[in-house]
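In what follows, subunit A forms one complex with subunit B and a second complex with subunit C.
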Partner chain A sequence: MGVKMINVSTQFSRYPAGRYRTDGEFTGEVFREDFLIPALNSNQKVEVLLDGGMGYGSSFLEEAFGGLVRVNHIQPAELRKKLFVISQEDPSLVEEIWRYIDESDK
Partner chain B sequence: MSLGKGDIPAWLALALAIGTFCRQIYSERKQKFEISRSNDLAFVENLSGKLDEIERQAFFYWTTPPNNDAYYGLLLSSAIKSFSYLIYNAPSKFKKPLSPHVMPLRMAITGGQFRDANRTALNSDHLRVKSMVLEIDRTRRTLLDCKN
Partner chain C sequence: MKRNRWNIEYRKWQRTTIAKRLKIKKDGSRRKAKPIVANEKRKRLYAPESLNIFNRFNRRETVEFIEQIRNHSALGYAILLDFTRVKTVYSCGTILLLAEIDRIQRILGEKADIKSTYPKDEIVEKSFQQIGLLKLLNKAHRVSITEEDRNVFYWRYSTGSCVSPGTADEMLTGIKKELPVGYQKVVAGIEEAMTNSVHHAYILSRGDKLDTNFPNTPKRWWLFAQIMDKQLHIVICDLGIGIPETLPRVWKEQVGDLLTAGLNKKERNKLMLERSFVVGRTRTDQKHRGKGLKDIRKAAEQLGGQLRLHSDDVCASFDYRGTAPMISYNGFNQSIMGTVIQWSIPLKTGQDDGRKND
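For the complex of A and B:
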């Protein structure tokens, strides 16, 4: 149980987009199910670096991160201990992600 | 030591030199202010142009049937990213009032069925279109405030 760093632009895609797996190859659901959940299950801490991508749609962000609570039933409090989202290029992305996580719990 | 009539030209020359020096400082400061103001206006104009472009692309994207969705969606995501990059790297006098608009703008334009394979064209009175109009208008007003 260590620290896992996921660099979205180099390990997933520079063009992440869409919500469901049926929407394309690099959607929010794909990122959540194939990257986030396995990383959260087998690591104490997961760092997600968003910089370097060609822009993120809110639908991708909501499905990838809000879905952790809404679909996978992980409590926001647990995510606050384990999940660290980093974006130096656009700090509002981090704010938006935590908003989706918190709102999915309501 | 006393001042004689012969000293008057020297005093006049000194007063003239001081006057010229002060005028030069005033002129330099005024020039610096004008350059700074001109740069600020150019920055705001650039952002306004980018916001207009985002508005055009967003309306086209959401109100026309999906055709080449990946291309137009990417254009839109990229335009919003570029807009936010400019704001987050701007001097604090712009960054402070404009940065709170980035997230609501992105949420209004790229939320919901954005890049959804099954999305359909929306009517211009759809809630998403209305919320886009609202956020773009709010951002535009702040840009106008920055200009004044």
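For the complex of A and C:
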């Protein structure tokens, strides 16, 4: 149980896009189910680095992060303790992700 | 001749010109269209002088030309596309033509028999060559395109059938180089347009005779991009049923009032398109969906560009270049049977900012 760092652009794809698994290879659902959930289950802290990605559409972000609450029923309060999203290139992405997480709880 | 409304001579001339363009006889009836068959073995279809869908006259001709290609192919005819009359091509009309031909060939496979002439106009030929239309029609490339062909050289083309922006990697990496600050917003907008195509555009059959495989129709998009004179132009197209048709099916609660308001089709479709930019905010069970068009509009707004969205028989235009945004919605008589999104983003600001940051 330590700290897990996920670099989206190098470990997942430079072009993360789309919502469901059926949409394509590197979608929000794929990232959530294959990367985020296993990392959150086996680590105390998970850092997600967004820098280096070519662009993050709202469908990808909402499904990957909002889906943690909506589909996997993880409470936003719990996520705030464990999940750390980092984006130096576009800090507004971090706010956007937390907005999706909070909205999914309503 | 003075061109003002009080000049009788000018008004007479104007009336005759309009009548000629609309093929209206003196008694008010329409002239019969010229037969499209020039030889019995292969149907010759004449492409219009200008391929575009934003001007009413050209739109009618462009849409009718594409419709003829679709209908004749569905009936199993061998076709010859005659491009000799084409003088001007615009990205919106060209992408629609290319997409339809590509779709027909993918659906009919070897049964599709579409050939073409070369355009007479050299620039038009270069444009068709650059965006891959001649290759699609198995025409050999016979002109060389250099950087001096400024309006042609920088166009790039890509297509795909899932949300896979990586297939346009070369194109998007080029955008990153030219727009070091805002490229992520542009790429996100392209990704959302692809996601919209895959999720919503193909939920119903188009209703043409080619759509026999529905619901297993490939959810394909076509993309053009060009970087020139510090402007980025992006055009993305799908051949689905159009936003005014998908919206009531995906967002029935939020647009139901438009269906029962007793509006005519054109008015209703205009309002549907307007509404498509705001749906997704309040519906409790599905509030996570439907953010795509807002992303696309946001990219144009934040980067001070222009956005034009053609869908079915309506068009929405957003111009964020000035201090106050200019927004308009227009209705047309012809449906393009799909959706075409056009962006123009100025690169200058982004590039300068990028250099300052360096």
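Criterion: the second predicted complex is superposed on the first by the 106 of 106 C-alpha atoms of A that agree within 3 Å, B and C clash if a C-alpha of one lies under 4 Å from a C-alpha of the other, contacts with A are read in each partner's own complex, and residues count from 1 in each chain.
The criterion applied here is as follows: contacts are C-beta pairs under 8 Å (C-beta built on N, C-alpha and C of every residue); 3 or more make two chains touch, one makes a residue touch a chain.
Small disclaimer: the values here were computed from a predicted structure and weren't measured.
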Looking at the overlay on subunit A, is there a clash between subunit B and subunit C, or do the two fit? clash
Look at A:E25 in the shared chain and tell me whether it touches subunit B only, subunit C only, both, or neither; answer first, second, both or neither. second
Under the stated touch criterion, which partner chain does A:P91 make contact with: subunit B (first), subunit C (second), both, or neither? first
Looking at the overlay, does A:M54 come into contact with subunit B only (first), subunit C only (second), both, or neither? both
Just to be sure I read the superposition right, which of the two partners does A:R14 touch: subunit B = first, subunit C = second, or both, or neither? second
Is A:E103 touching the first partner subunit B, the second partner subunit C, both, or neither of them? second
Tell me which stretch of subunit C runs into subunit B once the two are superposed: 9-17, 63-71, 189-197 or 207-215. 189-197
Starting from the residues of subunit A touching subunit B, keep only those that also touch subunit C in the other complex, and list them. 15, 17-19, 23-24, 27, 53-60, 62, 89-90
For subunit B, which residues count as touching subunit A in their complex? 70, 73-74, 76-81, 84-85, 88, 99, 102-103, 106-107, 109-118
In the complex, go through subunit A and note every residue touching subunit B. 15, 17-20, 22-24, 27, 53-60, 62, 89-92, 95-96, 99
Which positions of subunit C touch subunit A when the two form their complex? 162-166, 169, 172-173, 176, 183-192, 194-195, 198-199, 287-288, 291-292, 294-295
Subunit C-touching residues of subunit A, taken from the complex the two chains share: 13-15, 17-19, 23-27, 53-60, 62-63, 66-67, 70, 89-90, 100, 103-104
